[in-house]
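Read through the structure below, which is laid out as structure tokens, and then see the notes.
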């Protein structure tokens, strides 16, 4: 576990990109420790805020000694507030958090699949994989063109980029998983990395398994603390011992092996989980 | 001016006035990246049960105005794994540890007390009676003076250590003073208050309660006025009963309110999620608040609002 | 899509789903500069007592995180002046009026009901039983099922009008369902919930409770999850009992939570202080929230979260 | 009663002045209705704020068809937040509120006494009085020089300005009331207008009475609603019928006749007040 740091950061820039915002946070002491898949927890609301909890965002880019960057969608109150901040504003951040993507030791083929702002960590990841000699295919999907992120940057960082949109406004009409089997076969990928909505992750994990590839999925569970102390962010994950446990996605995740997450049982407590209620008991 | 921040809860001397709150700091380890947990008044561990427990379905939390709801459902590894992994880490790191226990029957509480009695490194026992009593159609122990007293009496019988026993009270009662009376009669050395208030958020898209557990516990600054009132009432009625105060403490100023109302020490819960340094920061701020008002020791302000 | 926002509380038809909350809109007149009060579901007037009443010493309010404490102490002109000045203004302006009454003894409530029975222009009576009962050492009527039922039964006996009688419940009880049961048995046509939670703020400069009345009532969005839970519980237990829901409603989204939990109409209280147009705005927002989810009438979502 | 309006206002400027901030709010539909002594209630905290209640400020200046201005001290959380707003920000305001200063029908002598930001409404008041042919003396006091406001402007709007500070850092060392008797005598003032802390108002009201002048005092009570619906802002005031009532300072005030306010009984419920608790009763 990398030690997380809590720092007062200056917003170095904040700009809209498509349906999202791109923020650069000063983070000179943090950036060097960031690995692809880490996230940052951002305090929102400023003086006198009613919002107690931080918002989690994948780290998009980290410039050692200088800054970290995120891509976010203005969704509810906290992100709406964040979208009104300006260059020079000071914001409290905690990073790097979580368990990042596991990188292969061999120069294997890897497919990166992302939905919407799930593309945020993929640039760093593609770079890290290519540094290890991996061939990298990227599939980016979104509901519609304005919700695609990172197409141009990833075209530079990866060997090829395929785009899908639900409405066909850009790239192929359809889902990322429609393009996934081909991509896996093309480069004989041994691993699939995915970041996006739960339904997408589930489908990606299944397709990867079917094609004999491992998958590494970055999940997005609602988190109160982001640092492992509250137990709100759990999901059922099968351990090395075959036992399913309710596991914290902020510490043990957000990245999990796709074949270990019990996707169909997310948001439930499976009856065979470690510590499950006994009949007649709790 | 340097302010003496040491205090005590009954026979337990505390080098610092701020503790973590049960369920809001796990067993201390994760907070260690943000500060030295050995310098805190104590770490109060997540309520532990006899057996491992998976907790409730997610979503387990909802942010609410100046607060949050949680329905964790006491997820935990069970007391044996807790002793082995968590307590040992806390001991090795010199952390003052208050162990919180929870059960579904009076017997479970008693068994936990018995099991923990001879385990070294426990500075106090916090008995979380704000759990549903399965033998009483799920009524929360802390909501019934008799059930609450039964649990405390049972724990007291099994607890052979000198470390004080605290009862953690629920605010969801018509008369919290009567519950405090009752657990005091049953032999507690102090009370922790308040636990969360029962609340609910509806997900109006799914038209269902949002939380997996349907209802949840409301915590955070939203409930602070209720907590301060509860501490004030109990201190007024039982001025000698030590109180560990909590409920929405965010700043040293907030903590000072609790001391003035009658708390002898305070726990920082929900606010830690937004600010992992809060237990240390609040102590520092408390020191300045006291100094700027000319007090030289936190002990001097305990219950001062009752004059 | 146009949404039908009309609803009802028992026999009382309401043209709009949002009402003001007692004590948060005086007798409606001051709000008239911000909107047409005749278009609201109703104005619920400040609880009126038999005699003029000066209320408590100031400070009477403290802002708290996402809420506030008040200790007004039921300041008012007494029922005669109220009828003459306030009710007549409301009638003349075509305002649907719910009159809230408060007393310190059961007899006082009964006398108020008798006095108001034949006064025209009262659409419903809201019986604020969250006041201290002087005959029972100041215990709040609403905190005791027997005292609560006594008041309602006494009011019912004197109330000869057809307009429905609502009991206003306090959340400061161990089991709000049992109170709801009890007032229902005693003959109410519906319940209003929730009143404020008992709270306190300490002024750490003076080292005294900040409010003139020492404790005060906590209201505002901070308490919304408690209110939604209370409405949900009572609707689950007594699905036929009409509920006027309130507690921290700020937006149409919040209002929708209350309807889904089982309220038949909602009152907007504290939020009016920050936004005098809130009772109208919330209704408009509710209309959009319903329309965007494909509902054509607010009545269709009442209690929907219980399926 | 002037009808108050609730409008979304743009901050046209916000600047520090001494220990205070000077804000100009766009208020084209409001400004023409403002009289000296009116106040504005400002929503604070923005998106996701924990602060429900508005902050009240005396209106310093009103430019019909255009704007209203206030002077405020960053004191607690709400005013601190306000001090971080910037030109172009949108803020919800309600104004004009309250009962303004009563103006004389005759061209009499008037002394205006203000403490700290209590000077804010005095410029408008001085102008209105001079338009009626009154002679206007001003006494401005504060703890220290940086807390004085409006000295130069008032020197233009009034016939003479006397300054007092507690620490002698500007003008006379002492209290405004030290300078008041002289000022009353000098112009044979028939009325004294005052705005500032309660203790000052009380002293001013007493001195004015002693010198045979009426006083008009703008009080500052903690207010939840500012519009008359909540009954938090009351103080004991003697009515025309000689009966003391707990009267709302947001509607019946903030300006009261100094000889009508029971200054010693503020924050209490005098036993002879209308509706006072009867012994053995509530």
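The letters A, B, C and D name the chains in turn, as written, and every chain counts its residues from 1.
As a convention for this text, a residue touches a chain if its C-beta (ideal position, glycine included) is under 8 Å from a C-beta of that chain, and two chains touch if they have at least 3 such contacts.
Fair warning: this is a prediction, and the values are worked out from it, not measured in the lab.
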Shared interface partners, meaning chains that touch subunit A and subunit C: B, D
Pair with more cross-chain C-beta pairs in contact, given A-B and B-D: A-B
Length of the line joining the C-alpha centres of subunit C and subunit D, rounded to whole Å: 34
Separation of mean Cα positions, subunit D and subunit B [Å, integer]: 46
Distance between the centres, which are taken as Cα means, of subunit C and subunit B, whole angstrom: 34
Subunit C, residues touching no fewer than two other chains: 65-67, 220-221
Shared-contact residues (touching 2 or more other chains) in subunit D: 50-51
Arrangement of touching chains [line / ring / star / complete / other]: complete
Contact set on subunit A toward subunit C in their complex: 50
Complex contacts: residues of subunit C adjacent to subunit A: 65-66, 221
Interface residues, subunit A side, partner subunit B - complex: 3-6, 43, 50-54, 92, 94, 221-222, 224-235, 245-246, 251, 266-269, 273-277, 281-282
Complex contacts: residues of subunit C adjacent to subunit D: 23-26, 30-31, 33-34, 46, 51-61, 63, 65-68, 70, 72-73, 75-78, 104, 132, 134, 212, 220-221, 270-277
In the complex with subunit D, residue positions of subunit A that touch it: 44-51, 77-78, 80-81, 84
